[in-house]
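For clarity, chains are labelled A, B, C, D and E in written order, and residue numbers in each chain start from 1.
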Amino acid sequence: MEVAIFSIFALLSVGFAIVVVVHPQPVKSTMSMVVVLFSLAVLFVLLGAPFVAAVQVLVYAGAILVLFLFVLMLLNIGRERAAGVGQPAQRWVALIGAAFFAGFLGMLLWRTHGPDTLDALTPDYLSIHRLSWELFTTWLLPFELVGLLLLVAVVAAYAMARAPQPGEMTPPQAGALPAAPAEVAEVGGEAP
Amino acid sequence: MSALNLLWLVPLLPFAGAALNGVLGPRVPKALTTFVALAAPGASLLVALAAIWQWWHGVGPHPFEQVLYAWLRAPLHIDVAFLLDPLSAVMTFVVTFVGFWIHVYSAGYMHHEKGYQRYFVYLNLFMGMMLLLVLGNNFLVTFVGWEGVGLCSYLLIGYYYDQDEPPRAGRKAFIVNRIGDFAFLVGLFALVQRFGTLDYRKIFAAVEAAPHAVQATYALGLSFAGFVALCLFIGATGKSAQVPLYVWLPDAMAGPTPVSALIHAATMVTAGVYIVVRANALFQLAPEILWVVAIIGAFTAVLAATIGVAQYDIKKVLAYSTVSQLGYMFLAAGSGAYAVAIFHLGTHAFFKALLFLGSGSVIHAMSGEQDMRRMGGLKKHLPITYWTFLVGCLAIAGVPGFAGFFSKDAILGAAWQAHIALWAVGTLTAGITAFYMFRLFFMTFHGNFRGTEEQHHHLHESPASMTLPLIVLAIGAIFAGWVGVIPFLDRDWLGHFLAPVVANVGHAAEHAEHGLGLEAFLVGASVLVGLLGIFLAWRLYGRGRDLEGEEALVAAAPRLHRTLQNKYYVDELYDAIVVRPLAWLARMCWKVIDTIFINGSVHVGAFLVELTGDLGRFTTTGNVRNYALYFFTALIAFFVWLVF
Amino acid sequence: MSLDATMQADLTSLLPELVIGGFAVLVLLFDALAPGLKRLWLPLSAAVVAGVGFWLPRPGWAHPSSFGGFLEWSPVTLALAEIVLLSAALALLASQAYLRRERLGTGEYAALLLWCTVGMLFLVRAAELLTLFLALELLSFCLYALAAYHRRLAMATEAGLKYFLMGAFVSSFVLLGIALLYGETGTTKLQQVADALSSGGGVGVVVVLGFLLIVCGFAFKMSLVPFHAWSPDTYQGAPSPFVAFLSVAPKAASALVLVRVLTAIGTAQVGHDWPQLIALLSVLSMLGGNLLALVQKDIKRMLAYSGIAHMGYLLIPLVTVGTDSLPPLLVYLLAYALMNAGAFAIVALLYARPGEQHLISELSGWGYRFPFLGVCLTVSMLSLAGIPPTLGFLGKYLVFFHAIQHGHLALALVGIAASIVGVVYYLRVVYVLYMKPEVAAPSGLLLDVWGRLAVLAAAAGTLVLGIWPSALLDWLERAV
Amino acid sequence: MNTFVHLFTHSTLTLVVFFPTLAVLPLLFFPRDSQAAVKVYVLLATLAELLLGGWYLLARYTAGAPFPFVRELGLDGQPIPWIPRWGIRYELAIDGISMPLVALTLLLMPLVILGSWKGITKHWQAYGAAMLLLTTGMLGVFLAFDLFLFYVFWELVLVPMYLIIGIWGGDRKVYAALKFFLYTMAGSLPMLVALLWLGWRQHETTGVWSFAYADLLQLNLPLGPQLWLFAAFALAFAIKVPMFPLHTWLPDAHVEAPTGGSVVLAGVLLKLGTYGFLRLAFPLFPQAAVRLGMPLVVLAVIGILYGALVSWMQGDMKKLVAYSSVAHLGFVMLGLLAFDLVAWQGALLQMVNHGLSTGALFLLVGMLYDRRHTKKFDEFGGLAKVIPVFAFFLVFSALASVGLPMLNGFAGEFPILVGSYKSAVLDLRWATVAATLGVVLAAIYLLKMLFLTLWGPITRQENEGLKDLSLREILALAPLCVLMLWIGVAPACFMDPSTAHLGQLLGNVRARIQVPVQPDQVAASGPVTGGSTGPSPARGGVSTSRESRWRESTSRDSIYALIRTGASAPIAASDAPASPAPAGGAP
Amino acid sequence: MTVPIAWYMVLAAVLFSIGTVGALTRRNGITIFLSIELMLNAVNLLILSYARLLNDQAGQVIVFFVLAVAAAEAAIGLALFIAVYRLRRTIDVNRLNLLRW
């Protein structure tokens, strides 16, 4: 049973991951990514991390990818045009390298942990209570850091993406391309 | 305070004169300049005479040494010190005496020249340097003087600096001299290496104490003595204008005539002879070098004499004559007759200075004309010059009773002793000498005047300041010979006087070994040859024939004449085998080695570095995917490297 | 409610970060409330940063270890923190004129830069891998945003985007490395990782990969060849005064992380080729950086490549990591901080058209027009070239000395060969300043007192510490 | 801090070295358009420095005694630490070897400013500052007795010179300046590495950090390390000297540099290289120096001949003088490589000489350039008629450069050549002979210069109205010419203060190399060697009389006593001429 | 039968590499960023499998943090894309080469 679920979602994730990577339309890629994330969330559950799986679905699939889609729509970015510099060497080297990396890393992990047997899942491991206890005691500092991180993200996104103020664009800057149309509204302020 | 202790003043006074005139500058009255210029060598002459006189009469040790200060101190100690011994006494006398009178002469001769003051600065400087040379008690002081006189020679030859030729001649003189000096210096190095000193007396004492030590093979297959002697002799060939370094002297006639008389006839050019005689202890232990000296001397004598036959410039003739006579001196020295060499040096100083000054008087009268073909018949216009000049000619031709006769005869005797061939060459040269001197004499003073009307109009006897030195020197040219070897009488005052310096040779005794008959033969032959030369000259140029004889002679052997007139093309030869290759080499060094090889490789290196950078620049493509790929591939590569 | 003692100690040890981070929040707040005060933020922030810097060396306020070993505090971290604070203060001062000239807001800028500084302090102090990662991300986010801060400028946004894409890409590798180490050892504390590995018998290849990923990640942050390519682009496009910070502080902090990681690698005895790897990175960076800087016409790009080369030099003492690697490292970093910050601060003041190339030739003859800035730029260049009596020389000297003491003569020789190439382009700036006729009169420049102050501080520090290093030595004595 | 104050308030080396740097500060406050005032100020500053330094030197110079070794110590009587962590000290000291060079530097600077009066037309503040900083750097190099400090000063010299060439230079100034800088750096960085290695080795051996010269001298390194260390030092110094084939930066730098720059470059900067050999490279690595001595000698001799030949071919006055420097410094190198006291004396003196005569030549070329804005021979000819005073100085300086006796060039060259010919360490006889040929060549190229500029008819209209030297220019030249003559006439006064320390240095070097006996020299001087063991009466005579002369000048005795005791056996043996040192033993 | 933990790990490796390929080969900036997110997720999977293997909740905590980081990163990245797009009308990285060489 577990094997079957694993196999299905593993294949699903790999398959849609490939779609993410190869599909010419960013929107389709993003949608495929949603599938990948869901599949992974399932695998997370299989690994005994339902809380993380939930967060994955909520935050990732629910917020982040929506943000992606939103921006894609906003910028109205279509399929990649064939124009521009083709870089076959880049592609091939990347492919070979990645294949090698995957193979090597996979083989290493396989070799190292193939024989390992898993203990049965313990309640402790599954306990969300314990998890949150850990989070606020042992991992307090990282938690605070992440808080700051999110604050920074908010401010940074605001600083970068907010529309130019009326007085800002004079004098016209050499080298700056024409300003964005007015309908481009403020985006990106909201972190999940 | 004895005059002997004032010996240091002898070279210093002329220096002081030069410095004073140099500081006073050209704007002071000419009389003051003249006074300073003449007083300095005059006082020097007086001090020298007094010092020598005292010394000769037993004041102070023999030889007398005066240390002024240390030029270098430990570990190589070299003093600035003067040495009064027979040799330097003779030289000092000749230099100061002849020098003084030439100064007097110059005051008249140069009176109208623009750089009058400058001239006397140089001339006084020269006197000082020359006296340093002869009075130095070690090789270094001598060398200082040696180079110093070279400098003065350079400056005085180039006295008419705003013309093209004189500076060129001066430069040639300096450089050719330097080639000789180079060898001289090497000789000094060897001496220091061996003896740790340059002091004459110490070196010669050491040599005499252990003659075998200096006869062991040293370098170039020569013994130490031979090596040093060769070096010194090469130096001497430069200074004394011997083959192969004689080429500068004829050109040096571009300077004012009194300069030619003083420097290029009487004093400086004899420095080479002086140094050979001074170092006779070494030469004596290097017989092979003595042969070289004698052969070079004889060869130079005959070579220069033959060139002199075909020259028209009155001073050039005298110049070649000087070269030839210097060859005689080396012939004597090479034959081991050092005192005779000095003897001839002295007599030659008198008669050659006389001849030059006479020619100067002629040129003065001719408004600067030097070509004998435009002269002639000057006898009646320049009587004093004429008669004194005749004395000089007779002296150089070796007519018995005149100075040249005695010294030349002594040389030929010594040459006979050394090798008959040397004697034969010497005697032949004596004939040629007599011929060309009287050719000059007849062309200049006899026959008809061949110059322009204007020159003819200006002809006049020179002022007293010029004729007086002529007379004084003429007297010297007559009587100077009597101090030396007198044939048939076993008398050689000068030889005896110099004996302490050349003690190990004892040539006078050898001379006496000639039988009376042999001596008669030698004297007879030389006199005969001389008279023959005079006779020939008279036939060709005398008897009012003007240039007919010359033209006939040229017509008879045009190629020979051309060769002689062009001095055997030696200048051209040197240009082709030395100057041009050297210039070529220098150009190669600069253009090829410096510019192409060294700078080129540096530039190529720099270019390659920059090229690498310029090519490498394009790795930063601006495409962020590439950058990510660099990261990824490098990561994999490092991983593979770390793991395997 | 009262905090228990441990918690109190932990929070106390966070004081510098809290002060700086808190001040950043205040700045943001007041920026919104009182826009008229916007000219104050940068100098004030600089003052706060400097104040913290002066306060830091006070003994006894922090435990060596806090938050259960997540953060550590040692003289070395103090030293690094000082360098970071120094460059932050200089950059803040130098930014005022730029932001005014370009009509950019100061509040967010100051806040981001301060938070970035906080991130670096965390990075410097982090003894645990996740904290390390989070600190890295924190500072990186600020850097991305600051690089693109001039958002009307195509170059600036492009610089930010490139930096961001590369940074995100690389941080996933770093995370992979952390994951591997965590998985293989069961802990994320670096010391425990090392202990676990050294005690646990053989070390797997996975661990090697884990370490390698982290090392490469920080090598990327330090912009070592071949992970360097982002830095010229980013430096060129980003606001110049910010580059004074970007080119120094992250590198300094990363260098310390590298020291930590390499020390752990040494204790854990993971593989044996690490010194060669570091040496290779060093050689590639020295040569690559200098060669490519040689041909640049844009001064910021040139300085970027020069920075790459300097990181190469900096790596020399890390080839053989030990306590004696730290003095050369620290001195070199300090020198680099001063001279690079000085150079970029001057660039920020003298180039009024940030959207265009910062051609070196534009400075032609300006050495006479701006004597003070000219001299300071010259001092910076000479120091970068490693010419006495500047601090840059002292740094190079110590670095080479370290190499020689550990038998890396070849490395030192490569270093000097590269230095000779370096001299060429540093001197090019000097010759443009003083030896070429002026080609363009300056226009639109804004030379304010704060910028000059930053420049003066950097140049004077470079010179004075170079001539009179005893202050530096006291500092070092404490740090090592 | 007390020490610091003390150093700057008393007559100390520190004050001498750093006074010029302090004098830079007021320059910052001159208004921009006050060029004339700045000139005067800079001149006064250099003169003050001359007085300050001159007073310092004279206070320690007593006629007849060797110049003392004076070390700069702190108030506590200890060496002043600079970077104690690595044992780096602020150690300045002066002895007889550095004294002449310091004096030369002090003397040249005011003359340089005088010589730049007209030629430098812009940015006098910067020029003055560069010159003053340069002074500090050069003095520092001569006085530093800590190798680290030495290196700092060594590099410090580069920057002002780079600016001087680059800002006030000729058409290709940037190329020349960069070339100068890069060449020097390319040499000095390997030296830095070698120096660091030495410091490390010192620590390894003794456990104490130190870069002090005196300490490093005690390191008895094996030949292997010595070889590469020497090579590294020698490279740095050989570039600076410069020796063939590393010389090509020199003509460029000289031709492009302004007059003042050329004078300083030729007068002092090149001496840094030879001084480096003398002070550092040879004493620190004697065995290696001897091992690599012959190739260096060959390069030195090639430099002499090659420099002279190339010089001869030049059509540019300044380039001619520049290449002549290559030749002249070749002599110095030959002398140094002889490892002979006489040669070293000569070499040290020749360093000063070259500074004087070539400095004067460059000044003269600059004066001509100020008038005609060209340095090409084609443009001149017959100038002696128009500007006789100039002609006098040019002839005088050229003759000094030629090495005419009674002038300084000879006083340096002669001991060099004598000493190298009799060198007991290397057989340099033929090298010396070849080098002596350089004397001939010197006459060729320098007389060519005189010929083409001064003599002959005036060929150019422009030259007819030239003004002769002004009083200022004469004042700039006269001290040089007076010294040239003085040194030439009485070199002993200038050599004696240095002899003791040179002797000590050489003694130490030769004690460590255990003078090898040249096989051919033994063969060549076989009989004499025999003679030296049983002294022949002649030699006995020589030496006794020499000793008696020493006793005559009693005041000087102490020096030689010092040499004899201070120097070990071989040096004493070298005094006994011609015999290979007995200490050398059998080959 | 439980799934061997190595399978998860290998899956993580494969996903990571796919993400890498995407990041390296795509031209659209947002797709590249998406690929990077994929890589992060792959790492998350790996961490969780390790956590499971070690039976250590710390892994879950780490993943939690990583998710937060990813979110923040997305905010910043997307804001950047907007800023760039405004000026350049493209986010094709091949065209974003004002800065090069």
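Remarks
Basically, contacts are C-beta pairs under 8 Å (C-beta built on N, C-alpha and C of every residue); 3 or more make two chains touch, one makes a residue touch a chain.
These figures come from a predicted structure and were not determined experimentally.
Any chain bridging chain A and chain C, meaning touching each of them, is among B, E; the list is complete.
When C-beta pairs in contact are tallied for every pair of chains, the largest tally goes to A-E. For chain D, the chain with the farthest CA centroid is A. Taking the mean of all protein C-alpha atoms as the reference point, the chain centroid lying nearest to it belongs to D. Most remote chain with respect to chain E, judged by CA-atom centres, is B.
Chain B and chain E have centres, each the mean of its CA atoms, that are 98 Å apart.
Chain A and chain B have Cα centroids separated by 102 Å.
Computed from the mean C-alpha positions, the centre of chain B lies at a distance of 36 Å from the centre of chain D.
Here the CA centre of chain C is 45 Å from the CA centre of chain D.
Residue numbers of chain E whose C-beta contacts span two or more other chains: 16, 19-20, 23-27, 32-33, 49, 53, 58-59, 65, 69, 72-73, 76, 80-81, 83, 86-88, 91, 93-94, 96, 98-100.
Of all residues in chain D, none touches two or more other chains. Multi-chain contact residues of chain C, defined as those touching 2 or more other chains: 130, 134, 137, 141, 144-145, 148, 151-155, 157, 160-162, 165, 169, 205, 209, 232-233.
All chain pairs that count as touching, in label order, are A-B, A-C, A-E, B-C, B-D, B-E, C-D, C-E. Those residues of chain E whose C-beta lies close enough to touch chain B in the complex are 20, 23-27, 32, 93-94, 96-101.
Taken together, the chain A residues at the contact with chain B in this complex read 85, 87, 90, 93-94, 97-98, 100-101, 104. By the touch rule above, chain A contacts chain C in their complex via residues 105, 108-109, 112, 138-142, 145-146, 148-149, 151-153, 155-162, 164, 167-170, 173-177, 179. Of all residues in chain B, those touching chain E in their complex are 617-618, 620-625, 628-629, 632. Interface residues of chain E facing chain C in the complex, by the touch rule stated above, are 16, 19, 23, 29, 32-33, 36, 39-40, 43, 46-47, 49-50, 53-54, 56, 58-59, 62, 65-66, 69, 72-73, 76-77, 80-81, 83-84, 86-88, 91, 93, 96, 98-100.
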